[in-house]
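Next come two complexes built around subunit A: one with subunit B, the other with subunit C.
Up next is the complex of A and B:
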């Protein structure tokens, strides 16, 4: 590798990227933009579920129960209905997710200790929402019942009764249990991977299409110099894009980097390096920009979305699928990102992932270099 | 005289297809060597073999003294290449393209400056430094591409159909540049499918289906492949007597060139043909010997190849 020949290649790439607003936008701003779009749209938090109540009792006790249910931010009481028949149309038009029916004589039965039955109806179409909403509601009802029992016992003067077990829960790393804290690092990996593979693959295939690749091959420039000359500018630019991404994550979702910044940069560089070399590999297969686009999309979009643990936990996948996830670099990057950004963990927690990223990147570069040499001189 | 390119039974096969079929030739230093052939005849493949872009299936070749099989890297440093497809960066300016290729060839500042001022003058690219290459007219782009190929002062320049898509005036100007290069002692290896361009070459090979079917200078080739007389017949209704002429024993071959007929006649039989024509043709006619063009040679050799294959 001769630096005298490497330098003009790097310079040339920078000039070309600067003159091409599309790749500049792609590399610098698109990551942050996608984060904003996805960050708000991909939200697994279940809050403000629309609720209807049919209160046949209209007693103090029934009003108390309803006010308990809607006191948190989980349920919004949007409809107070007079009859059960009114519930159906509301479910059909998706105006409510849950309905609670309080029977006549609720307060009387309660006082007599006859266990009145409160009916809960839930729209199970989206099982996640239904399940979460249901468990919130059951919890509220259970607490209500327990409190009633305790009060009853208290009043019967059988003695002082206390809660048998009391839990003190502290949630670490994500005290508000916001799904965005979990998703944003995943999104970073997802977006960076797609963009870096796409940008590198397109830039090389463009040279093939234009015939400039031939001109380079006829010069004393070596394939390694050509590849490194391409990698360096794209790496720097996508690293800048990654920083804008971090900035957006902090500004919009309040996700600050807790751990070591140098380590964060290290894993980002390694991950981008993996993406770059994958992009080069794609470019050695594709002969046209359309094919490169397709291949880059296929090899990044789905694997990174589905198999990296970004959304779906890897341990829940069937074993053969789990095996595939081992060759997805985003899987390792995600572990590092979550550890550094959310947990502030030290390198001990993810040094294995770092080693894998290094191996993956080097293997990909070696493979693409070999393929490049082979595809160039036949 | 020094030999710049020496090719010995060079062959390139792609699967079952033989693109270059055991060709041999030698190119003297400082000459313009032309490779004439139709598309797909094997011209570009030959150039790519000589430049080290392709590996030969068999055979040997030396370019500027270096073996293309063993010293491909050395070959790259002493050749310049310009291809049929315009292959500079359209999104770089003229000077950025020149500087980039100069640096890639390892020129230092001083060498680059002197090369640039020499080439700007020679090619007339002065004052166009900051123009984006994509905005240059085709003729200028060709000159820029040639300049990029000449930056490192190569011994041999390979031009692969360099004037495709350029207007006739720009083509003529481009050939003036090529002559200048030869005068300065550089060897120019050029492929073309333009017959008029082939006439400009010092030495010529006609290539067909991967094999050389005619060799020599344009003048030699014409003499060699036309030992008979070529006559041009101008008459009122050439189409009507075409068939009749074909049946005459004196006439070896008839072909139509516009409104005229080219007749190939064995030497010494011109007089008897003239007598027959006087009897057969109602109106005036004009029959006179002409110098065959390269097109005549080209067509004749192709027809001979076709009949040989038919046998």
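Up next is the complex of A and C:
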């Protein structure tokens, strides 16, 4: 590889990018823009679930229970109903997520030590919301009956019993469970991957489609030099875009990089390198920009979103699908980013992921260069 | 009319000639749905836990058993010293650390307050939120048992009562998140395919310099747009059937509602996403711009559609923004028809909104295209 020959190719590509200010702006600012937009908008918090209550008992105990349920910010009591038949239409029209039915004789049964059954109805469409709502509710019910029994024990004056086990749970790395903290690494992997693969694939296929590839090949450039020259500008632009995103995360959401910055840059370069080689691979398969776009879009957009562990935990997936996630570089990148940016962990925590990224990048490059030579010769 | 037909034929031939195109548009959606359909699950189970049990007593054992028998947690490792857990949380090998202090059993037996320490990795905020809740629930269940045992042991004669929740789940009885998310993958795939395909449609002619040739033909702008859309409409229709078949017969997602209604609304949805692609095509000048702009449109549509992030949790400004996202309505349609079996009466608003969006975006692209030709 001859640096002197490389320089004009890089310059040519830069000029081409500069001539297209819209693309340039999007390349640079899209990652940061998406973070700014979604850092505020997205979260999984399940709060203010719409609730209906049917209280057949109307006793002091049942009123107390209802007030315990709605005292937190988890449930909003929107409907007090008279009969069970009124519940179904509310579920159908999605006006409530949960309904609680307190039976007649609730207070009497409690006093007599006959455990009353409280009916809980829940809309299971969104299972996460449903499960979280159910666990809030059962926590409240458990708390209520345990406290009651403790009082009973207290009144008997036989022995003193305090609240048995106190859970002291602390959340690390993200104490307020803010979703912006969770989104920064995820969006970074997601957006960078898409942009780098697409930009690389399109920039090569463009030359093929216009027939200017042959001109380039007639020049004394070697194919590898040409490719490297073409993608270095995109590598630099994506790195700049990633830094803008980090800057936005720091300025707006107070997310500072806790770990080592040089390692962060190393991981980013490795990841971009994987994306670049994937882009080259796409360009060797596609003959038109439309197909390149289609292929690159399909292999990056949904897989990086769904298979990287960004939103969906990988350990929940069936084993064959877990095996597939090993060929998604964002999977490794995400672990590194979370460790470096959020946890401030040392390299011991993620050296395996770095090794995987290197292996993946080298294998992809080898594969794509081999294919590239073949497709250029043809 | 004849001119239009001839043009459509030319477009179809062009699509067919790209020998990579057809296999991709047919195979890719099936392949993706098969993999992604299995991957989308937000069920929280088997959260890896690292345990440090300083007490090593019958009570601490009993408590840990309660935690792991719940099915939500999985013992990933056991350590002797509390300092060791940092490394597990840092590398993500465990998402929760449970530390039981010495004297746990003694405190329980003497009736003073016992405690355990839990550390939760908050970087996966979704798992963390649910994991915290489960942990709390397990601890409270444990408490309840201990209080009941104490009451019994002391023979107070008092009869303790427990409130027993009797849970009934509507629409998704097994509470499988896949049932909720699969329709989302369905809608997303359709959107990605159609937007990508059409986004290049018009730009391509500019890029190749063949637009002038098209303009000098007697074709009207409307004809050109129709001719550009139709091949992709056909491809999209094939994809709808394929994706539907995989969802219904492979993933066995029961179709509670009407098939025809689903098909009709899917067509309207596809018209709107094709329209978005076309619109992108008319506001950009190079394929690269078209590509970046389509991501500029698609990523927000993915994230704001309610696919994973609930719309009702968003700030109101964003809730307003979701109103112009076709996928938002289509998700309600899919979930409604698949899971709840509702009919047109319940989906009237969604259908109308989809239709409105389709009409608006397509006429917008047509007018932009006309202006650009002048």
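Throughout what follows, the second predicted complex is superposed on the first by the 324 of 378 C-alpha atoms of A that agree within 3 Å, B and C clash if a C-alpha of one lies under 4 Å from a C-alpha of the other, contacts with A are read in each partner's own complex, and residues count from 1 in each chain.
Criterion: a contact is a pair of C-beta atoms (placed from the backbone, for glycine too) under 8 Å apart; a residue touches a chain by one contact, two chains touch by 3 or more.
In this text the structure is predicted, and so the values were computed from the model without any measurement.
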> Once subunit A from each complex is brought into register, does subunit C clash with subunit B or fit beside it?
Replying inline: fit
> Of the partners subunit B and subunit C, which touch A:4 in the superposed model: first, second, both, neither?
Replying inline: first
> Where does A:89 make contact in the superposed view: on subunit B (first), on subunit C (second), on both, or on neither?
Replying inline: neither
> Which of the two partners, first being subunit B and second being subunit C, lies in contact with A:366: first, second, both, or neither?
Replying inline: neither
> Of the two partner chains, subunit B (first) and subunit C (second), which one does A:145 touch, if any: first, second, both, or neither?
Replying inline: second
>> According to the stated criteria, A:20 is in contact with first (subunit B), second (subunit C), both, or neither; which is it?
In response: both
>> Applying the document's definition of touch, where does A:221 land relative to subunit B and subunit C: first, second, both, or neither?
In response: first
> Across all Cα pairs of subunit B and subunit C, what is the smallest distance in the superposition, given in whole Å?
Replying inline: 10
> Can you list the residues of subunit A that meet both subunit B and subunit C?
Replying inline: 20, 210
> Hey, which residues of subunit B end up touching subunit A in the complex?
Replying inline: 51-55, 72-73, 76-77, 79, 81, 83, 85-92, 96, 99-101, 103-106, 148
> Of all residues in subunit A, which touch subunit B in the complex?
Replying inline: 2, 4-5, 7-9, 11-12, 15-16, 19-20, 210-212, 214-221, 376-378
